[in-house]
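Each of the next two complexes has chain A plus one more chain, namely chain B in the first and chain C in the second.
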Partner chain A sequence: MSDKSTRRQFLQGCARAAGAAAVGAVALKLVKRADADKVWQLDPKLCSECGLCATRCVLKQSAVRAVNNFDECGYCRICPAYFDTTSEEKDDGTFTRLVCPRNAIRRKLVGKADPADPNNNYYEYTIDETRCNGCARCVERCQPNAGNGALHLQVRHDLCRDCNQCSIAAACPPAAFYRARLADAPAGYRRRGAAKKGAKA
Partner chain B sequence: MSGSVKAAGFALAFVLVASLAAVAAEQAASTKPQVGTTTAPAPAEAQPADYTSAEVGSVTVGQGKPSADTETWPQFRGANRDAIATAASVKKIYRTWPEGGPKVLWSIENLGEGYSGAAIFGGRVFFHDYDKASRQWSIRCVSLADGQEIWRWSYTHEININHGFTRTVPATDGKTVISMDPKLVLHAFDVASGKRLWAIDLTRKYGATIPGWYNGQCPLLEGDHIILAVGGRKVLMTALDLRTGKMIWETPNPHGQPAPHSSVMPFTTAGGEKEYVLSTLKGALGVRASDGALRWEALGEAAYAQATKKADPAEKLSSALVSIPWQPKVAQVPSPLDLGAGKLFLTTGYKIGSVALEIPASDPPAPKVLYSLAGQSKPADDQAAADQAGAIEQGVFETDCHTPLLYQGHLYAVDHGVDKHQGVFACLDPNGKILWRHMDVPLSLGTSLLADGLIFLEEGNTGNIRLIAADPAGYRELGLKKLNLGNDAWGPMAYANGKLVVRGLTKLVCLQVGE
Partner chain C sequence: MARVTPSSTPTHPVLSPPSRWLLAVLCLVLVAALTRPVRAQFQQPTPGADDVGGKPTPTYPEPRGQVLRVLDMVLLAGGLGLSTWLVLKVRRRAWLIVASAAAVAYFGFYRGGCICPVGAGQNVALSLLDPTYTISIVITVFFLLPVALALFFGRIFCGAMCPLGALQDLLLIHPLRVPRWIDRPLRIVPWAYLLATVYFIAGGVAFHFAGRTFNGTVGRDFLICRFDPFVDLFRALNLRAAAGRWHELSGLWSGDGSWWHRLSSLWSGGWHRLSSLCSGLFEFTGPAWFWWVTGGLIALGLVIGRPYCRWLCPYGAILGLASRAANRSVTVQPRGQDCRHCGLCTPSCPFGAIDDCRASAARCLACARCFASCPMEKRRRRAG
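And then the complex of A and B:
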């Protein structure tokens, strides 16, 4: 009697274990699926422009890029994020060195130049993403009060490997990286990742 | 029934078309650059070929009446150019503020974005404005009692929004009011009627170049004379007759000093000579007040090398020329500060820092460097550790925009040299030692005004006003008025008869801070 009971108990135990394993596997699958549409995001408000984005990413050229928010940009002729204002000054008031070590910022006159007032023409600054590696030097120089804070860093999701543990996030001093659903990412930052993942921006 | 549906349809279509037209008009009026466009929107009225022509501009008269107030704040930083109110009413300033702060007497909203602070005289408040839809730059005269407009003089003036449209504070003696506009046009107006009396375009007359982010110089009014740095090809500084605009004297410009963002300030050398001093992108200089003779130039190393390289060996300068370890870059906005006893304090932003000079009694007076302060502190992480240890980092101080206050031998100013802080209020002794920094309130390019030992401190990113005791022992806050004027509240304040006039980016507010 006690042997039978033991066998029954053994079988029941096996069944329970199998059931629990099945439930666990389904739960794990669900969790994985829930996380599948999440991406690594960077909160520019927390970013301390430490430069680790350029060196800690597993990719040779980091998946992080500088982005210019044109609504915030002052379009200044002497942009402190473009010109290294600590370098020697040229006769026209611009500077001999640029901030970006990879020459990844493009500067273009907007509208017509006013020859009578050359110091107050507008210039548009765009990032050449084939060159930028997210070193944040321009972002640091764009901080108020010298700049408007228009330049900031973002993860490019078409480049990001979506590592389970992002090596930049692990090293980020102010913990500015977080996981977020792609659909919840700010609209301007969804396009590239969306193209890769086939979702709508 | 179908008729009413049709009518409703037409009405809806009309509303839609009107809305689209309004949006289109607003977009056309916006002067923020449209990325990818090649031409600027056409101005509402053609810009005059000659800004100084008698036909240019028009006056509109409002319903306002001057208040009975007799105290004045006649120009940038007040009568003595020190941002200190000394009139009798300062003894009646409220030293404690009720919950919610002092009362707002009046406010004027929807100004063109800018930093033009107020001048006050005879119950009238003068400031500059810009209407971006019509491209009209104006000087406005309103009542100190209620902010009602007394008159406004306007003319079409094409100005890009380049960190605001307006800057500078008018100057007045109660009969004539003068204004420097963003493109270096100096205007004089009749205070009673608003009629323009005369105007000089510094770019045409002197070949001056408009500085980046436009003119920031506020003319200095000394009796019947206007003292102005023109930074022209040949002329560096000039004194003009207030009533007529006629030249009294001119200072030559041997080393090509540019038109500045900062303003000319009165100064007395160690030898007792009265001078007008100026800081520029090349360094600093002093001009004798009586005849405009250039007395000294203290140039940064690069500017000094350039000046001496180009110098003709046979040429003998009658002024002193020295090199100093201080040369502003990008923009030089704060004006020189007279420390007394022939000492001068110069400061600037962009991580350049500050320097103190002594202008001796010698003839010509060759400046000597007393001390210099770096423009950038240790990195924030190191600073945080030092702060926790209670240490105050020494040897670092710069201010990007506003000239410090000097009160009872101590300097009070917003320090932009501290890494990762957007400006913190600080107190220095006259030898450049930092006595305290208040790290908790980010001030951006905020400004301050002192009256009877009290400092009105305006936060540059909110327009909120903090009442501080001017105390070298430490930061002591006595009151807070939340004005919530938004970002870029950078214009200087003005005070008269218990009323503090505060400038936000698009708003002018008058606070009742005393009796």
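And then the complex of A and C:
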């Protein structure tokens, strides 16, 4: 073997050792401070209902949906998140226009109906997830003091493609969209006021 | 109420400060009292579960489990080991095509192109620079494993396991030769891209494209992800969404009646529902203009070998650098045999990676195409 080729091999060996050392150093440093894998989560307590969730997600119909937390919902007859209360009022006290631009909220009379005063009746509001695209308009109208703050946005993990860099997170003004630990994700960031009331599962 | 006469000046306050406060409070109370009925109309205490006949529980679909993420890592490691064996020992492209298709199917379409080793470098760089940005071991391994392998065996990862590379390679139908004067300057681009990527991660540059609002937590941009030309394609096939709509398809064959009845109803209602199912299955993602980039690169890739890998991929630049140190990288002739310098192999490489009958470790994408052109290899195969 020629001198040139042994010299080349020697240099290659040195480079290999240096490269392996670099890889090892990076591995050591990152593995030491490694965290459990994280998923993109929306913190409803921080969300300012800006509407970017609907438009920034890489999916045509965003992976974010409005969710009704029935434990906080007032079951109101005139839900300000369902009826557009700035529109013309009908004779029965409801309104001509609805808030949701995609007609994704279902309204159903539940419980015992009071024939004397319809305002005493309870209505259940559920989100049709095939229609909702997380535009946050209903969430905005449900804010206290108009509503109870039961409606909130959340990323649906069965739809989310778990992008390396979530494009909603990159745009979210109050930074309500961030990576949370997998273990915390399902329980910790569900609803408004969850921290206050304690995890009730 | 005291009236302010035109002659009064600010130096003679009509009301003394305490009474002004009182007035303000009074006004507030008045406003609150007036608005209360309006508010009360909307805001109600939540009824008991009995009042409403039981409350539904809001559902929160669980994310993909940690176990499956570790499975990704295991599959990558296994796939890399397999590719190494196929390229360096078996030396036949046929099986590598199978491996490529598997990588495109799993890491590409099934996993939606995230996370891939190409993009994982951004997370690693960010985590090195910002200790608060912690990443899982899976991401670290995804980035480091192909690099570590390249230090010894060259760019094996590029051969089949990279979903981006494998997709381009599977679509390469008729490779044309790219003149050197075009190829050489373009090879600088990946390094520029790599530098820009690190800059956008490290710099905390408050710059977002297309009028994006700048977000305080993300003074950074993942360039590789943003301009990944194939990830939109991978994400387009939304298997999970399709699985959710499976009942629609199964509904097509339901119903009673004779076979003929079923068949005719399938014919009449089927197409509509099938097309709606397909439109749910293929959900094109990303901005519209980007489809021109994706489509353009794929169209170009039909006749030019892996344009993204050769002239854009920043991870390829890292792997190429690491490969320069490799001692067991691809050799066109069977290992241990001397090259006869017949020159038959040079045009067989669709990526122009063979200089003077030697595969350049930095540019060889370990595709195993050139082996078949080597007379020495033919002899080996006949003997083996």
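The rule we apply is simple: the second predicted complex is superposed on the first by the 152 of 201 C-alpha atoms of A that agree within 3 Å, B and C clash if a C-alpha of one lies under 4 Å from a C-alpha of the other, contacts with A are read in each partner's own complex, and residues count from 1 in each chain.
As a convention for this text, contacts are C-beta pairs under 8 Å (C-beta built on N, C-alpha and C of every residue); 3 or more make two chains touch, one makes a residue touch a chain.
These numbers were taken from a predicted model, which means no experiment stands behind them.
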A:78 touches, of chain B and chain C: first, second, both or neither? both
Larger contact residue set on chain A - chain B or chain C: C
Partner chain(s) touched by A:133 [first = chain B, second = chain C, both, neither]: neither
Which superposed partner A:89 touches (first chain B, second chain C, both, neither): first
First (chain B), second (chain C), both or neither touched by A:117: first
Chain B versus chain C as contact partner of A:58, first or second or both or neither: second
Partner chain(s) touched by A:156 [first = chain B, second = chain C, both, neither]: second
First, second, both or neither for A:146, with chain B first and chain C second: both
Residues of chain A that lie at the interface with chain B and also at the interface with chain C: 70, 74-76, 78, 80, 85, 110-112, 119, 122, 124, 144-146, 173
Residue ranges of chain A in contact with chain C within the complex: 9, 12-13, 15-16, 18-20, 23, 26-27, 29-31, 33-39, 58-61, 67-76, 78-80, 85, 110-112, 119, 122, 124, 126, 144-148, 150, 154, 156-165, 169-173, 175, 178, 182, 185-186, 190-191
Footprint of chain B on chain A - complex, ascending: 48, 70, 74-78, 80, 85-86, 88-89, 93, 110-112, 116-122, 124, 143-146, 173
In the complex with chain A, residue positions of chain B that touch it: 33-35, 37-40, 160, 162-163, 183, 203, 209-214, 302, 329-330, 349-351, 380-381, 400-401, 416, 420, 422-423, 444-445, 461
Residues of chain C touching chain A in the complex: 39, 41-47, 51-53, 55-58, 60-66, 69, 112, 114-115, 119-120, 122-124, 127-128, 131, 134-140, 144, 147-148, 151-152, 208, 212-213, 215-218, 221-222, 225-226, 232, 235, 238, 240-241, 244, 283-286, 322, 324-327
